[in-house]
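Both complexes below contain subunit A, partnered by subunit B and then by subunit C.
For the complex of A and B:
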């Protein structure tokens, strides 16, 4: 009996993994200290909407939202096309192209900005100068957001049953109709979730745009760069206020993606 | 048939114009006169110090976030407790947050007049470490959580009923299953820590030769019109990124290439 008592845990489940108190305690503490405490301090510091209703702040915010919207749309199309090419097409060097898609995640953002500036900047060997223009900003944002839609759509497209498409084709549907009616509805949640991630990334991007944008107020100043500028001129209240706006947009996008995922899992099974 | 080739052309063309051409051009400019001159421009004291700072930041942030990442994944998947949903949501925050906002938040908390101000944390290495930890926090958690869900608890329960202690169960049953996911998360964490710019830029104070990481050095060189120096340091960072990319491709489970 004594041996039995040793073998059978007193409370089944209590020893399932590392003591629950340990993992829950440490991770909550770590998250609070590293993430929540600084953000709480930021919220505390940002008082009043006055600081972000200045013309320069609203211009930066408006430009950021417009650009991010364009970035999201371009990514929806280009990302889906690239995912399609990787899954349905076959060509030499496909594995290399697949690895290449992750490059913007691995490459430091400042390096991304610098490389774009080298080729499409004032000393461009191809004669395109996008420096200090909104085209340059767009280029930089497209660079850093490239993987999001590809990486969310690719696995879904891979798992997609092709029988339905064959059936549609045999019933006389054109390729375009088949894509629109059969493929698109299945990959749409993945596209949307990738687009949302790309949008959130574009709203907050700093490193890739700081060199190429030239940071001209009212012209090429995005909101992250505006925050940095406020900070450098000692106006940390204004910087904090604009930050809280960015923060709310990020929160909103995260919530939207979460809701989308829950909706998909509910309707899938 | 034409549609297929057109799509391939557009997809690959997009990648070429946006990614391959700019990066290839910078590599070509840097190594135009061979590896020797390129190395000489990187081997300045300021650049080497910047490299050292970057390596220190990475060496602290990666182990910290790895240990936290595994524990947090266990807390999210294996335990039911009030607030589990909040933990799960907060973990994703650094992915969606602007790095500048992260830096500013740290500055407000630890800077002059902040709640925890006046301990020499901002405009110094500790602040940069905190910023790096913040931005690279989610990766290990996000890679380990789905694997933990997938493997379920049966084997762990068997181990427990056979008398294994919690630690033994983790070491012999759980860890072997999540080992590769953890490693993949570590690679992603490392890439992010090496390349972080915005958050570190805000809290560093940018003192050349002191609180300048390699990414900050790139910007500093470029803005001082030293293109060669900027390109050389950028290429060094890009090489580190390519190495991570190679590891990523090796470690990643096949997710949809025919």
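For the complex of A and C:
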């Protein structure tokens, strides 16, 4: 009996620790092979750090980060509004609109660039020429990052306890106050997740911007295109160095948003 | 006084309320009792302004409130699943109604402290709802609703998600609270015992209509129809006749007005014993006896006894 009592309770514990051990092993192996090792190789290849302190490189870096920040913020508002409409309103063609949101994901980004150039390029049928301007860049980035916030917020909004809003209303809160103090705090973690994804995507986008931006140094050249230019002129070390810098900044931003997200969900623990 | 007149509410093809009129006197504690789908929660939400009736009028203290939004009705609402603001502490939940009214912080502090004492959550003010038990969450919900001094307190199955013991505790506590504050209160429940226990008046609802509205005792002694009879307590139905189990008398010898029956099963429920019987004509019925009565009769399973109703009800329709 005593021996059994010793062994039996231990068994479930042992089983519990085995599975995570295995899954941690598989996860870290996979992440190493797919993400970490290539990144390390990139860092190892990066030399000629001079390439990133040139005015052209810093201009591209600055432009990329500024644009990505604006894109993330616009998405936070527009994406939340679209998600709200899709969850809370009923209208004809809702299913169609819902499917439309995913289109930027389904389209090859170079095709997205072509589409935008056709509409907002030099031969624009609507008379708006945004080609080779920062507005064009912004449009392209907004296009490809649209789904992120919509798709992270939508399910959370769907699951949101509507009675919280009823309770707020019965306590005298206006619809605006209810949104600000009840709904927004509840969906904020999801908004932040979407914002982080949109930001990361905007930083790294190449295909959608390469056509519409015209890649004018100091004006419309983003980091991804700058890196491509370095490679084309045979400076692979400089290209890698610029990549490492933008990578570190992106990672820093993702970590910061993650920390913010943990802070706003502190009540769940 | 809350007065609802001819309330009709449809959801698509489903008629939730089919011309309901009800009065809730000021200072009373009224229960809306009925099975699920009877429309009791919908009626409560119509009174609160959370649903708009398709027809009919609601007036609060003589003023027409039919088109008033919930914000300006001065009602406190307590939800079955608490509807706690999950991202706010207990303190902030209770203070919400006062904070959005921009009351002075001294007043808020005093009122919230008072309410937390009333609902016995003083030590838990800094906790989040996720860190509370169901009973604590519902007490928080009550404090939150009471914070804005509502003219009317509406509770929608407030104890429905809690276990039996906590439910009974909170029931007694709610009754005591009402006796202190005399806030006009309407509680929705599907539990007849709960309704009879807390309420001065019980409104029995079924299929979107009101079957009967009366004090608990009257409801039990003089049910208006079969539905009320069988909803407010256990009942034996023998043909057109309804007999409460405690109105079934058991004798060991026949006496002319009795019928022969066999004891199928004795169910001991502490002080009382439920005796399940089958009559010689094949009808089954149950009798409710005290333990002393069962011991005096020396009842056993399989035994033949003679039964006689001491009181029975027949509805004429």
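We take it that the second predicted complex is superposed on the first by the 209 of 269 C-alpha atoms of A that agree within 3 Å, B and C clash if a C-alpha of one lies under 4 Å from a C-alpha of the other, contacts with A are read in each partner's own complex, and residues count from 1 in each chain.
In the analysis below, contacts are C-beta pairs under 8 Å (C-beta built on N, C-alpha and C of every residue); 3 or more make two chains touch, one makes a residue touch a chain.
The shown structure was predicted, so the numbers you read here are calculated from the model rather than taken from an experiment.
With both structures placed on the common chain, the touch criterion links A:71 to neither subunit B nor subunit C. Within the superposed three-chain model, A:227 lies in touch with subunit B and out of touch with subunit C [touch as defined at top]. When the two structures are aligned on the shared chain, A:110 is found in touch with subunit B, with no touch to subunit C. When the shared chain is aligned, no partner comes close enough to touch A:190: not subunit B, not subunit C.
Once the two complexes are overlaid on the shared chain, A:137 sits clear of subunit B and of subunit C alike. In the superposition on chain A, A:212 makes contact with neither subunit B nor subunit C.
Subunit A contributes residues 6-9, 12-13, 15-20, 22-24, 26-28, 30-31, 34-39, 41-42, 44-45, 78, 81-91, 94-95, 97-111, 114-120, 125, 139, 142-143, 146, 151, 154-155, 157-159, 175, 197, 200-201, 203-207, 210-211, 224-225, 227-228, 231, 236, 239-240, 243, 246-247, 250-251, 253-254, 258 to its touches with subunit B in the complex.
Residues 3-4, 7-8, 10-12, 14-15, 18-23, 25-26, 29, 68, 71-72, 74-75, 78-79, 81, 83, 87, 89-94, 96-102, 104-109, 111, 114-115, 130, 133-134, 137, 153, 156-157, 160-167, 169-170, 174, 188, 191, 194-198, 201-202, 215, 218-219, 222, 230-231, 234, 237-238, 241-242, 244-246, 248-249, 255-258 of subunit B are the ones that touch subunit A when the two sit in their complex.
Taken in their complex, subunit A has these residues touching subunit C: 161, 163-164, 166-174, 177, 181-182, 185-186, 264, 267-268. Interface of subunit C with subunit A (complex): residues 48-50, 69-73, 75-77, 79, 81, 83-89, 96-97, 100-101, 128-130, 141, 144-145, 147-148.
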